[in-house]
Amino acid sequence: MKKFINDPAAVVREALAGVAAAHPDLRVDIEQQIVVRADAPVAGKVGVLSGGGSGHEPLHGGFVGLGMLDAAVPGEVFTSPVPDQILAATQAVNAGAGVVHIVKNYTGDVMNFQMAAELAGDEGIEVQTVLVDDDVAVEDSTWTAGRRGTGATVIVEKVAGALAETGASAAAVAAAGSRVNEQSASFAVALTACTTPAAGKPGFELPDDEIEVGVGIHGEPGRRREKLRPAREIAAMTVEAILGAKPLSAGSEAIVLVNGLGGTPLIELYLLYGEVAALLDKAGVRVARNLVGNYVTSLDMAGMSVTVCRADPEILRLWDAPVRTPALRWGV
Amino acid sequence: MKKFINDPAAVVREALAGVAAAHPDLRVDIEQQIVVRADAPVAGKVGVLSGGGSGHEPLHGGFVGLGMLDAAVPGEVFTSPVPDQILAATQAVNAGAGVVHIVKNYTGDVMNFQMAAELAGDEGIEVQTVLVDDDVAVEDSTWTAGRRGTGATVIVEKVAGALAETGASAAAVAAAGSRVNEQSASFAVALTACTTPAAGKPGFELPDDEIEVGVGIHGEPGRRREKLRPAREIAAMTVEAILGAKPLSAGSEAIVLVNGLGGTPLIELYLLYGEVAALLDKAGVRVARNLVGNYVTSLDMAGMSVTVCRADPEILRLWDAPVRTPALRWGV
Amino acid sequence: MDVALARSWIIEVSAAVTEQADYLTQLDSAIGDADHGVNLKRGFTAAVAALEGADPKTVGDVLVKTGTTLVSKVGGAAGPLYGTAFRAIGKALPADSSTVDAAELGAALRAGLAAVQKLGAAVPGDKTIVDAYGPAVAAFEKAADDGLTAAARAAADAAAEGMRATTELHARKGRASYLGPRSVGHQDPGATSTWLIFQALADVTS
Amino acid sequence: MDVALARSWIIEVSAAVTEQADYLTQLDSAIGDADHGVNLKRGFTAAVAALEGADPKTVGDVLVKTGTTLVSKVGGAAGPLYGTAFRAIGKALPADSSTVDAAELGAALRAGLAAVQKLGAAVPGDKTIVDAYGPAVAAFEKAADDGLTAAARAAADAAAEGMRATTELHARKGRASYLGPRSVGHQDPGATSTWLIFQALADVTS
């Protein structure tokens, strides 16, 4: 394993030390693994909090700041945070108006956040939870733990964070986040496996001419293995899966994210974006806003995901609202 | 070779098509390979232009926009742009106040930009050139083609672009850019080689326990090969090389860039930033501003570079000035 | 079982998951996210440390403390599930006596299983912890009359069998379920750690 | 040499660098950035296309057109260097005659070398194009009295020898210089393409 680390067991804490050094406008509790907006709790404002296993950077710590998250709780690599940690962050961002938890739909995340919400409830803190489950590679049936939360999380966090900034109630903020989730679909393809510091070797072996289709963001194998194909065909397969699962009527507007999984360079992501945009255009979808880059990653995995979120005027307005975080910044 | 591409010979143009689709506020000439600010030429303003081989994204196209570059000219992968292309971009951004070329110090880049400058001069366009040569892994002696231009290019482009925005003369903008370059030093370390689409296989083979020290951004081997070491020691070696080549007196302020070479995830870059910041602190250097992320890349190379730029109040003021580009955005 | 034996059990589990951490992580790498071993190692190491600094008066106290520590140190799916299980086991034990017999422990283990199923909603055959835990409890209860040693041995053997049987199952809960039919052919990491826990119980009681 | 032969030369160079593109790229991969083959293939393919669409009246016109196309299509170090070389060669040839003899071509080749050295500032021994080009011109001039065929053959052989000798050199110009002593042991890609160019000349004139 080749990584810029010192000790596999210390990666998350040492990276948090770097976040603390790089962003003096964030409050970072390295021991408890909590990243908080320096001005939290913001009087009168609903706290917006997210978290999950580490290894998906900039998600979530990179989205803490004005107009997005009030706090992030990173767990160990690919391991959801623990209830104590979530509770402490919930307390730190609660200004009395309640706290919205944005939770990606994984068994561990759901259980740990739920325990934390119960503990917070015991203390009289109103917690509303938004469950993100946008990955249409997984069928939402009794045969699975439900769809995974992936790329749409960025859009949910942006929109919920922007609405919270306007003084909306916890219920309203959670409802907006949930609406974004319902209107979003994602699909991912990997060219290589990733290597967790703990495992020290790639999660799976992929021959030089094969890809994993329908992967998540935790290094697990995908739904199926296929032959490597040109970017154009991979983009087509991806867009088909997305529009197949959540059809968009012609004339719809969308926010589109072409996201790298950590090891794919920007030149390839832009090339893919060109393909995806052309396909959506053909399907009559108007891409109103886009993001191209590494936003929800899977350590060093070479791969990409596409997220399409049907956007109405309110979502677009909240998307455009000012944001100042390490990884997303505009209007301020 | 596993990449999201269609045809190795079409990568640059197809990626530019994606840039065009993603950023309607840029004018992209896909055939000529030119990315221009939509409002160029800006009346009364010096045009600031940069370019070089592709494969370093977001450099340079990702830095086109208000407060930074007026145009970028991407060549083929790792191949400097050609004079015609540079000339066309120079014409596109010339508002009569002259144009500043920011050129990384590589034989090909220098020759092609110089030819373009001569052609532009023939047309009565004043061209000033800033040569960036910050990579202290290479000695600047008769034994080399001089130091390479790497990470400092981002800071040069930001500062020169901000100064141009104030209506400064071409000579003043070029002087500011050159000053940033002189006050900057960079050093890079790679964990893996990169694969160009044309070659189809990694530029060199690196055993699982070895690193290349003092690499550039074109996939070439570095100055020497060493055993893999903890991030802390790699950071120390890097900072030592930088401060050894361009010493900073205690109490100096600096802009620091911890840059990924394309295949290294953000969690490792933050971990490295923590180490670098601690080392600089120990050396009495005050990090006034920082960037952590993938800014000057080498396709899919796993690796990192550190750039330290001694910053005076003018440089900091220009650094902080509003910028709105795909890859760097604040204050607006 | 008395307080000292309960402590030994947790210490033995900690040693086992530490020794088998790489193996558990490998299993989790095939159909999950390669963290199960390191998660349990971190959690049980913390539990042992927490018990060292505490003075539990009953077996129940030992197990509740263990569960609470797992909840706050492990994260992921295993943290809440095993944490809740140990807390439920501990709480189901008599609060007024420093020792418990095999029947009492059997009933408590059953309460732990119920808590796991309530929290995780897994049923037998879903390729989870439940597939080792369920048979283990049943075997424990059946052998309880023969004493703790025999019951624990029977439970460990049943857990082993349940664990091995997960290989052929198609996962329907947890991360492995994302793989659909590709989850078949791999032994479940959680069922494997459950076996280690019952194996540790058999070891310390024999 | 007449216009048709000059055209054949460029067509032959184009065929040679296309066929050897991977080899040139491999050489450039070892001590450069793995683009030399693809650069020259693109450039000479464009030059052939440009010549097809043009009606050059002299050998000089053919070579100037070739050089201009290389400058505007190749990029990198090789584009300006080879482009300038061909332009200088073409410009040094008589403008009033449609054929040139060996002595005239020899003098023009020498002018091309001077242009390369003026632009790139490389001297013999720097591990560049110059190390194949220099010996080739010298050999060409020496054999010019024996006619074009003999001169071109001699130039190609000298270029080959110069090219092979670059392997042992420590690069002092271009990207390979960044490697310092690690550049030793690898044949220079530019010197290799220079050999291909002279080899093509020998082929079309034999």
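All chains are identified by letter, namely A, B, C and D, in their written order; residue positions are counted from 1 within each chain.
Keep in mind that, in the parts below, a residue touches a chain if its C-beta (ideal position, glycine included) is under 8 Å from a C-beta of that chain, and two chains touch if they have at least 3 such contacts.
Note that the structure is a prediction, hence the values are computed from the model and not measured.
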Centre-to-centre distance between chain B and chain A (centres being mean Cα positions), rounded to whole Å: 29
Chain centre separation in whole Å, for chain C relative to chain A (CA means): 32
Inter-centroid spacing, chain D versus chain A (mean Cα positions, whole Å): 54
Shared interface positions of chain C, touching two or more other chains: none
Overall pattern in which the protein chains touch one another (line/ring/star/complete/other): line
Full enumeration of touching chain pairs: A-B, A-C, B-D
Chain B residues within the chain A interface of the complex: 1-7, 11-12, 14-22, 54-55, 57-58, 62, 191-192, 208, 211, 228, 230-232, 234, 262-275, 277-278, 287, 290, 292, 294, 297, 299-300, 302, 304, 324, 326, 329-332
Partner chain A, residues of chain C touching it in the complex: 25-26, 29-35, 37-39, 42, 71-81, 119-120, 170, 172-175, 177-180, 182
Residue ranges of chain B in contact with chain D within the complex: 9, 53, 75-84, 106-108, 111-112, 115, 137-139, 142-145, 148, 196, 198-199, 203-204, 216, 218-221, 223-224
